[in-house]
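Before anything else, here is the set of structures, which you'll find just below.
One chain, chain A, links the two complexes that follow: it is found with chain B in the first and with chain C in the second.
Coming up: the complex of A and B.
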């Protein structure tokens, strides 16, 4: 999905060219094949995505254990959320996660993309190396990092080797470090992914723009700020959406490394939603958390899109 | 949780599925589809019709237990009293999906599960088949098992097959090397811990990373030793409060031994704590017999255990003896075939066959069935037989939903014992939410 968006947003020229034949086709009768192409996915999507999502909103207004029929309780779930310390902790952790995981993966991914955009000897190797973690399932990633963090594991050995043994601790079991110890492997993976998105964007920038800037006497720094970054506007929207969505749905890595523990210190909204639903069997309450996640994601992304459209208009 | 013959808690397939599908994209959308899948899913592997094969949905997914249950079904099919098929599901998936199985339109007929509150909870929702007929033929079974299998309305809903015990396990060779003996009382136990610590061995092993529920054994045992089993059951059923001074007394005792716990124990799961025990890196380990699944065969002969030390001699001795067995769906299309299968599981022959072909150190519940012939098993059996009361385990005496509240409270206590008052208040608040539903 992200790839096609890049193609659309980055290649503005292509779409203007393609505009002409599209207008001509509109005057003709709609082809049944075209209608089928739109309606069939829409119907499938409705059954598998839209309808359950709407149901989720309804469930958030009920008390439901998954066994007996849901019972309507109004906004009680939301009122409870407001006073739930674990939920507040999860919200704060999710914001930390969004800022650290999101921010650092953009900075890291963009930096790597700039470094690796030029075709040099061996650059493919580095690109592949950075992208490799994306290929692994997050659960596999978690297994590897668990070995890294385990008592007397690689992390501890390195610290001892450089004389920092006072820092050695139970990384995943210490409430002070658990969340950050989980962010690190998530970043390790995400940077490669964001790098690829930015690389695609950088490739789409017309080299003539850089050349013109260079002729006008712009230095490298100016070209980065005045040419490269403004040209990446389309990719930025994609990256932002990916980052926000990935942050809010980050679950598997947290669950497989810490199970949101010890005592909720690495709890995110997503893990709290899972444990409310499938451990406490409070599906109504879990749906309310899901709605909060949805609203958060929508707010961040809509906020960006509205701004982006306003600038264009 | 907390395990018949338990299988590893880690199940990448399911996690990945939930992570990528369930929570994918916009969290709410994904969650909605997942939650409603629970509500509306009518799919089940069962094809019940009144004459067809009975489906057994089994969570016995560890290799030996799986083979054992398959063998039992094979023997049952040969007897000509009916036909059955077995459908093995990874235990963690089974646990989360069990409510879905039971509420689906065409559910599997028979399920492996646990006796006690956890079964009664389903019975109270009308989901379980009345198996009082099966129990009529079980005159030899002790009353305690019958009570355990009876729901609030007085009908039997559960058929037990095996149970196991918890205790402090240790290596005989290591105890001999360190020159120490099994303790009987709390004072002996503290002295033993002090001795081991003096020898540079962390006395008490534990494994709370990934398996924080192991800490509940400490809570259960201290509570039944100090306040007795009836209070413990009332507490877990919501009839007593976690912020009661009697509960605080449990933690005051616990605090006396906190310095003796292996500091690494909070970072690794019980399987690795088992490895640490076997390697002599910890002195002893309070755990259920299922831990032996993670032990190499040659170490088994060197293992021994002692019962949780007596704290107050005036309190009748209770032991944890989690009972595993079966219940059936109220919606089965073939109640006769289902009951025939359940009846088969209650026979001494079936239970002996299961014990023979499974790896775990388990005890058959039929009074005449022979347990495995080993000193360890005889000792465990004798311990349970001499107990005045039996409890199941934290989640089985309450519900799977209450377990996470205990995990949070207990791991936090072990880290920050000074905050015990606040921890107990939070625990009570969390428990009230669960009881309220």
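Coming up: the complex of A and C.
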């Protein structure tokens, strides 16, 4: 990708500049101000992120109601998770969420980016329209769609208008449809976001590559698979990370639309963790669920960091 | 001829899709100006038969949206300024000086931001109780700053690293110290990245629900996103008032987006090409 090449060359240049005269390097290293520049932000993040994260792992090995001191119980929480049907349901729903929400937003976002990549009349408006939901909070999104799903709301009226009355149901209150009825608004908001990421990636592709492929007689489909997609490797990694992390974090939209109900039918790991912690006050057990979410996210984060590291080097 | 037809199809299709995409938003705006009686008789899905702005008054004063918006701004503005300020100095030191272990520090900070917040919720709540910050806006500001820092530092680091080294050299020869170079040289050059991150972080912090309901309890102190959920409980079937509240809660982020549109999009794109 051309952008990263520029970054790399510039990066080497800077390091040579900073590194040439040895004595200046030492005096810079000793500057207490620079040490503070790094240490203060790092300390803030340590207090509010690193230390709590470590505590989270410790709490997952305890039984704790938040009042009396936590009591160490080893891996009992994890053993209980293995036999907890609600947890298993939440895990399955999280996987469904990951596949449907993640997969469809990538397909939709990429498709829209391909359609709207060329600057032409009207494209600015179309992009803005698709992007608008991204600036709304998930709670706003949820309330917007709640109207849509209301009994006798817009969804039902559309179905009646096209003669599909038999499909009409209480979308958010029916255990069979609740999860999917929540995924739809989440997608509505995510597609524009993914589209912007891909648009940035498409812009960075050298047009000469497409030109060369066209001269060689490649058709549009072949150019898509042989030129565009391989060239987007960097962006794909970012989109994948964003999607997986967003999916595992998803909480707001489910909480505002269904409170994970009815009967846990739209329960995700994130919502189950929240209700175990702050409603059932089983802080140790909730921490164990959080650790499971962490382990699921870890694989992706590692992938992301390895990539970032390679670019830094 | 075929070309014209294809252009026509493209524009028809995209116009329809765009309208479909905006339809839910337009629907809510229309609903927010309908009267309760109109909705009760004609239903949620019908076209408007009335016009009132009383819904906005109800959401604004009776529903407590005004106070919630004030809370939101009291949290969002300091959080954005603080986290960008701290991230900028960290990124400056890490990118322009040979701080030992700088790469590890940078990646560790980024990793902190990528953690699922769930693992932090309980410890953060307990820690804010311990320090007496629980149920105050300070706790929310602190956790927003701490959690966002890693990502902002990473992005600003990438940006500052790419600035030419000669500028810094010249300033050093002129006798400027690290603080002066930062304030007079680096910060002005980093403005585009700061604007992009500022617009992005404003929306993120303003739209947050999870941290707010984790470190706050009192209704009066809730920012607008959780307050909107409470409004839904308060005005159970007054869909017009809920719609008005939704519009009010969405206006600030839409305004920031429209004002900083270019920065906003480039901010998202920074993440993609870095």
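The rule is short, and it goes like this: the second predicted complex is superposed on the first by the 259 of 313 C-alpha atoms of A that agree within 3 Å, B and C clash if a C-alpha of one lies under 4 Å from a C-alpha of the other, contacts with A are read in each partner's own complex, and residues count from 1 in each chain.
In the analysis below, a residue touches a chain if its C-beta (ideal position, glycine included) is under 8 Å from a C-beta of that chain, and two chains touch if they have at least 3 such contacts.
Bear in mind that the values here come from a model prediction, so they are computed numbers and not experimental data.
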Partner, of chain C and chain B, that touches more residues belonging to chain A: C
Partner chain in contact with A:275 - chain B first, chain C second, else both or neither: first
First, second, both or neither for A:216, with chain B first and chain C second: neither
Touched partner set for A:138, first chain B, second chain C, both or neither: both
Touched partner set for A:59, first chain B, second chain C, both or neither: both
Which superposed partner A:294 touches (first chain B, second chain C, both, neither): both
First, second, both or neither for A:119, with chain B first and chain C second: neither
Chain B versus chain C as contact partner of A:286, first or second or both or neither: both
Those residues of chain A which chain B touches in one complex and chain C touches in the other: 48-49, 51-53, 55-57, 59, 66, 137-140, 150, 152, 245, 248-249, 251-252, 255-256, 269-270, 273-274, 277-278, 283, 286-287, 290-291, 293-294, 297
Touching residues on chain A, where the partner in the complex is chain C: 1, 3-4, 6-7, 10-11, 13-14, 16-19, 24-25, 28-29, 31, 33-35, 37-38, 40-42, 44-45, 47-53, 55-57, 59, 66, 115-116, 122, 125-126, 128-133, 135-140, 143-148, 150, 152-154, 156-157, 188, 192-193, 196-201, 204, 234-235, 238-239, 241-242, 245, 248-249, 251-252, 255-256, 269-270, 273-274, 277-278, 283, 286-287, 289-291, 293-294, 297, 301, 304-305, 308-309, 311-312
Residues of chain C defined as touching chain A within the complex: 10-11, 14-15, 17-19, 21-22, 24-25, 27-28, 31, 43-45, 86-87, 89-90, 92-100, 102-103, 105-124, 126-127, 142-143, 145-147, 149-150, 153-154, 158, 161-166, 168-169, 172, 177-179, 182, 203, 206-210, 214, 225-226, 228-229, 232, 239, 242-243, 245-246, 249-250, 253-254, 256-257, 261, 264-265, 268-269, 271-274
Sites on chain B touched by chain A in the complex: 10, 12, 15-16, 18-20, 22-39, 96, 99-100, 102-103, 122, 125, 127, 208-210, 212, 263-264, 266-268, 400-401, 403-404, 407-409, 411-412, 415, 426, 433-434, 437
Footprint of chain B on chain A - complex, ascending: 48-49, 51-57, 59, 63, 65-68, 70, 80, 85, 137-140, 149-152, 170-173, 175, 245, 248-249, 251-252, 255-256, 259, 261-264, 269-270, 273-275, 277-283, 286-287, 290-291, 293-295, 297-298
